[in-house]
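Note sheet for the following structure.
For reference, chains read A, B, C, D, E and F in written order, and residue numbers begin at 1 within each chain.
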Amino acid sequence: MSVTPFRLPVIAKLRREAIEALIAKGLRVDGKRDPATPRSVTVELGVIERAEGSALVKLGNTQVMAGVKMDVGAPFRDTPDQGVLTVHAEFVPLASPLFEPGPPDENAIELARVVDRSLREVGAVDLGELVIRSGEKVWVVWVDLYILDHGGNLFDASMLAAMAALLNARIPYYEEIETGEVVVDRSKPPLGALPIRRRVVTVTVAKIGRHLAVDPDFEEESVADVRLVVALDDGGRIVGLQKSGEGAITREEARRAIALARQAAPVYFKALEEAATSSKADGS
Amino acid sequence: MSVTPFRLPVIAKLRREAIEALIAKGLRVDGKRDPATPRSVTVELGVIERAEGSALVKLGNTQVMAGVKMDVGAPFRDTPDQGVLTVHAEFVPLASPLFEPGPPDENAIELARVVDRSLREVGAVDLGELVIRSGEKVWVVWVDLYILDHGGNLFDASMLAAMAALLNARIPYYEEIETGEVVVDRSKPPLGALPIRRRVVTVTVAKIGRHLAVDPDFEEESVADVRLVVALDDGGRIVGLQKSGEGAITREEARRAIALARQAAPVYFKALEEAATSSKADGS
Amino acid sequence: MSVTPFRLPVIAKLRREAIEALIAKGLRVDGKRDPATPRSVTVELGVIERAEGSALVKLGNTQVMAGVKMDVGAPFRDTPDQGVLTVHAEFVPLASPLFEPGPPDENAIELARVVDRSLREVGAVDLGELVIRSGEKVWVVWVDLYILDHGGNLFDASMLAAMAALLNARIPYYEEIETGEVVVDRSKPPLGALPIRRRVVTVTVAKIGRHLAVDPDFEEESVADVRLVVALDDGGRIVGLQKSGEGAITREEARRAIALARQAAPVYFKALEEAATSSKADGS
Amino acid sequence: MKAAHGRLISEEGLRHDGRRPDEHRPVKMEVGVLSNADGSAMVEFGRTKVLAAVYGPREPPQRFMLLPDRAILRVRYHMAPFSTSDRKSPAPSRREVELSKVIREALEPVVISELYPRTAIDVFVEVLQADGGTRTAGVTAASLALADAGIPMRALVAGVAVGKVDGVLVLDVDEVEDSAGEADLPVAGAPDLGLITLLQLNGVLSEEEFEQALDMAWRAIEDLVRQEKEVLRRKYQGVSRA
Amino acid sequence: MKAAHGRLISEEGLRHDGRRPDEHRPVKMEVGVLSNADGSAMVEFGRTKVLAAVYGPREPPQRFMLLPDRAILRVRYHMAPFSTSDRKSPAPSRREVELSKVIREALEPVVISELYPRTAIDVFVEVLQADGGTRTAGVTAASLALADAGIPMRALVAGVAVGKVDGVLVLDVDEVEDSAGEADLPVAGAPDLGLITLLQLNGVLSEEEFEQALDMAWRAIEDLVRQEKEVLRRKYQGVSRA
Amino acid sequence: MKAAHGRLISEEGLRHDGRRPDEHRPVKMEVGVLSNADGSAMVEFGRTKVLAAVYGPREPPQRFMLLPDRAILRVRYHMAPFSTSDRKSPAPSRREVELSKVIREALEPVVISELYPRTAIDVFVEVLQADGGTRTAGVTAASLALADAGIPMRALVAGVAVGKVDGVLVLDVDEVEDSAGEADLPVAGAPDLGLITLLQLNGVLSEEEFEQALDMAWRAIEDLVRQEKEVLRRKYQGVSRA
């Protein structure tokens, strides 16, 4: 059952008006950026050496870690010739006073599913390359999103972390033994990178009063009426949308939000590219 | 843990006395029937085309839908030559202000188990005919009871809905493929009806004060001391009993309740027969 | 999440001081023993005939029943040539007003894991002898601890009950049928005793104020700052330790606690031996 | 529908364990077996062993459960993992959920709950060994434990199951008879009030058989309640002498 | 990424079930179908059947949920086990959790919740048969059930999904089209306010296609809201005449 | 009982990763790594990486948890799914439940909880990468995070595990040594108070070995607490200069 949030941060009315007034002038509460510009973003790859792939994303005060683990498992019955990709998100309680321990709530599930769809719909990972034995053994790729610090806009940070961890992932060495079983041996060098066909980012656009701004920080998010999450691939295509929050938008606002998202997306793609390049330079 | 119900509808004491006084005179609160007569009952078959079988039962204000789904699965270890029949009931929250979302509570579990036993003990479905490969593959028949509107006496309405949905069910087409797996193909015409050997109904008799009455409506049920659910088959045999509720009965009351149940059962069997006949006439 | 206990028995401050003063004088609240002596202990074997092994331990007012059940299952992937031993504890609500129905809480889990490790680390049961077919079929041995009456010191009583039930256990008769499946037949005489290589007991030492005492009863436990559970095998070796409770101990206290535990352990081993002997005399 | 697994009634008319059709298994009853509980009892019907404990009247953990005019009963029927042939998972099964309700409803008519408004009376029934008849042994043990706890009751209750095997009605069915039998009729009641408080039937009986089975059960229940009273009297007298 | 499962648009430009690309499946709407609920509605889009019920404003079971300045909405989207091709486990799936949120957020903008502080308005959406478009049919049914319950609303809402199959934008996708299609754009909105209240896109659309799809959806939503009004008017007039 | 998986101590007396028996892995400590938490710390023992955060004193979500004379501690030890060799299910395992308790009980003696009656102090320990010693690294990180949150403490605590491999006592066991070793002795304590606050032993040690192992652990704990103080001083001085 989904319930109207009743345990929200209290933002004073005056503060709310101040935030809105700033955006109306093309400014943001942090004093550093305009409505089309995300906060400073860094992507660090390979932070968890024991995972197949990993990344730590810092987007303003928001920190999200993503880890990729791979197992050998069975394909879904209706896709015998595809590996399995699963995205899971945990809002661990160290990240925010609003998070309680327990199974993922609707926000964590929505986030994971939006990231999952954004990757899946565009074929970001070529699952057809992850088959070991058709219909029987395929790679199961787990992408685990771990929210470490909630400074607003978990969607964009999580999508970046997922994408970066996948770019960082290496397929572990495996062998088929006589019984036909497939045994993974992580003590041997990995077999190579995951087949990544597309890069995808999401750009979240918040509607605050009558104004739009990308990458809201925690305070902006708290006063936003609604957010539109726009997934874009490296070919510039819209590959996903999600209206999230209790408000509504006009068609004109939807159009403007998509335009803002397009404007902001290169910042994220650049952060991904820099991480990938510096990672290669390290030989890691 | 079973707990004395503490969130019950409040029925005024005067109202309670009025209901009892009516029954003492051989009348009911709805002004339309005597203690041995159920409310008006309709059974509609095939309401969910995508299920193997389905039925919607209206008994007074009570509405229960039943759906039958069939899968291929493994038999129980101790009955390798029998299909599997499973009855499950959900008291979905749209049916009553008393129902909350969540896993089935003790009332839903009791209901499902009483319906299950009533079907099972008398061999209503010939499970021996539902074997695909002895000890390995059998039909698993799910009967899902969905309470849509709780107007009292869920037992009788649910038993009718289950029986009707089973009568309506068609075994889906299947094929054994080379690997030995069995694949169901619902795009092909079904293979035929389920092997139904017996029809069973339950008649619930409520004890209100010192009086007995069949098929209590919601208000009568709320003031009843106890109910006796009597399962009868189309051969007139007693095939199950369940005392339900906090009160007690004398042996004499048990005897009278069974006699009342026998008197009322033909109404339910007739509703089943009419549905089955009109369904055949439709060619469905 | 582990939470500071907030629903504890209230022991008056004066009573607390009295208990401590007694121990300081080398006495106990029950007036019958000194700090190095456990309460009276009895071990009864074979109390549940339908289990593979069972025991009822009474330690003062504490009563713990243990049952051993054996199934045929798969070994763990990394130990293909060993049977599986699993210890599970339930704090059933009839044992104490402090226990609520529900899945095991942290105390029950800690207890089961301490018993499990004490058995496992010393090879109490020779799991290598419990292989039916290497890598495929092994005996899975369930030790279920059932706390029936909580009179303090569940650790020692549970460890005794587990050890006694294992000593009492008989491997059921089984046959491999043509399909390669292994079928257990409990109607036939069992195949013999479990291969027990070592006997292990735990001695729990409570720290009350600045004093130490073994086998605290419920009241002593309620006022204890901390407990040290010392596992000892029949060769006199330390085979496990667990500090349990909110307090701390000095290194000197740890040393003294281990010495006290050594002093008390023979009482438990004797109870085990007597039970085993009288059980053999019964021919059971 | 249960399959006959071979002859369970011998040519002499005796059952697989040598009992006559109307013979109960050896019964043991003991009260006050636990120290923490306010009341407790162990009941054995042959190899079936059931332990019951009562706590209360006490404040329930969740206060919204309170009723202003009576105590609520909270009843749990639970099986120990080692009580059954195959190990039983400790999570409550659907069967245990139903039987907890059925046992609670077998006790509600006799507990004088109006005396303790805004409290809970908790009854915990643990099946330590299951060999048929656990719910009826459970009601019997709960009745004793309630009395041992000093909870005022209108009358004592007891229970027994009558089965039909090889066409013969038999008293106090064990597991073998239950799984092979044609019908199982668990009954509990308070003979002093003439009231049936638990009644279930799984299987097929003619009306005549139902009457005979109920007769058979009732005589056994009367006898069990007599034994309950004897056990309680022994304890009570023991206490009064002390 | 979804694989094309064969041609779904015929040479005549018709869909696998004979519809034109911009053609909605037959729509049925009925209100007041349940007796206990304060409001209820059944909506069918072709074989998709969704039942919605509204309770409230009422006191929520857990009082900590209350908000001092408005009613909270509690929304559950749930699928009957028999509604899908393979039986659906009754435990809520991750998909159901997300859709419950998305549907709640599609209703929040139109429910005038400020009128009922410290209460809950509960909306239960049960999918009885799923053949594509269950979330948008669910929003439509919820809108009707809220109106039927007399909950004050700023406007009625309705929803529809536009898909892209074989490169063609199609209205009101069914399950076959959804699973084979290249994109799925569920939209819900309140035409009387000019507001989109639900918007998701799974799949790839160019900006132009997105605009066209939104146009197509909007026209259908306007039509659905007209039908909602008609159904409610019929019921209202019926009542006023009685 | 653990099997020896080959020689883990070389002829030169060095360990599989080249360490001397009494050598700790490289230690990293950092405080204030998170912006939302009232206090936070990252601790690394070699490849083992543990993050701890502290919230509080604050009101606990369920008010029945309150104690009138002190703050309650709520501690969760949890492993990230990607922290282990095979993916770990995010549901708390029995091991995590036990270690949450053991870590809470390692912190209880040093937190001056009497200062904050009717509140909760929450400590969240997340294992980001597990390579042995996660519980002792967790206690160390929690100690730093508590100090960083300004929670008054009697003393700082730290922890380390001593193992026995190939008959040799070794400090700060990693996963390879832990799974192949004969014994594992995790210890945590407050050297400034001379108190052991966590003590477990899995495996077999003679009394003499136990004493030696405890000595070895204690020296390391003293050293770790020195490092904690240094890290906190650096942060404190940094703040005071600002």
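Some notes on this structure:
Definition applied: a contact is a pair of C-beta atoms (placed from the backbone, for glycine too) under 8 Å apart; a residue touches a chain by one contact, two chains touch by 3 or more.
What you see is a predicted model, and the numbers here were worked out from it, not measured in a lab.
Where touching is counted per the definition, the chains common to chain D and chain F are C. Listing every chain that touches chain B and chain E alike gives an empty result.
When the contact pairs of B-E are matched by residue number across B-D, A-F or C-F, over half of them reappear in A-F.
Chain C and chain E have Cα centroids lying 57 Å from one another.
Taking the mean of the C-alpha atoms as each chain's centre, chain A and chain E sit 27 Å apart. One finds 51 Å separating the Cα centroids of chain E and chain F.
With centres defined as mean CA coordinates, chain C is found 48 Å away from chain A.
Along chain E, residues 76 each make contact with two or more other chains. Looking at chain A, one finds that residues 1, 101 touch two or more other chains. The chains touch one another to form a ring, and the order obtained by going from chain C toward chain F and onward is C, F, A, E, B, D. Interface residues of chain E, counted against chain A in their complex, comprise 1-2, 64-67, 70, 72-76, 94-95, 97-98, 100-105, 108-109, 113, 183, 185, 189-190, 193-207, 210-211, 214, 218. Considering their complex, residues 47-51, 54, 61, 63, 65, 67-69, 71, 88, 90, 92-97, 100-101, 103-104, 142, 144, 146, 148-151, 186 of chain C touch chain D.
Residue ranges of chain A in contact with chain E, taken from their complex: 1-4, 6, 106-107, 109-110, 112-113, 117, 120-123, 228, 231, 233, 237-251, 254-255, 258. Chain E contributes residues 34-37, 40, 47, 49, 51-53, 55, 58, 61, 76, 78, 80-87, 90-91, 122, 124, 126, 128-131 to its touches with chain B in the complex.
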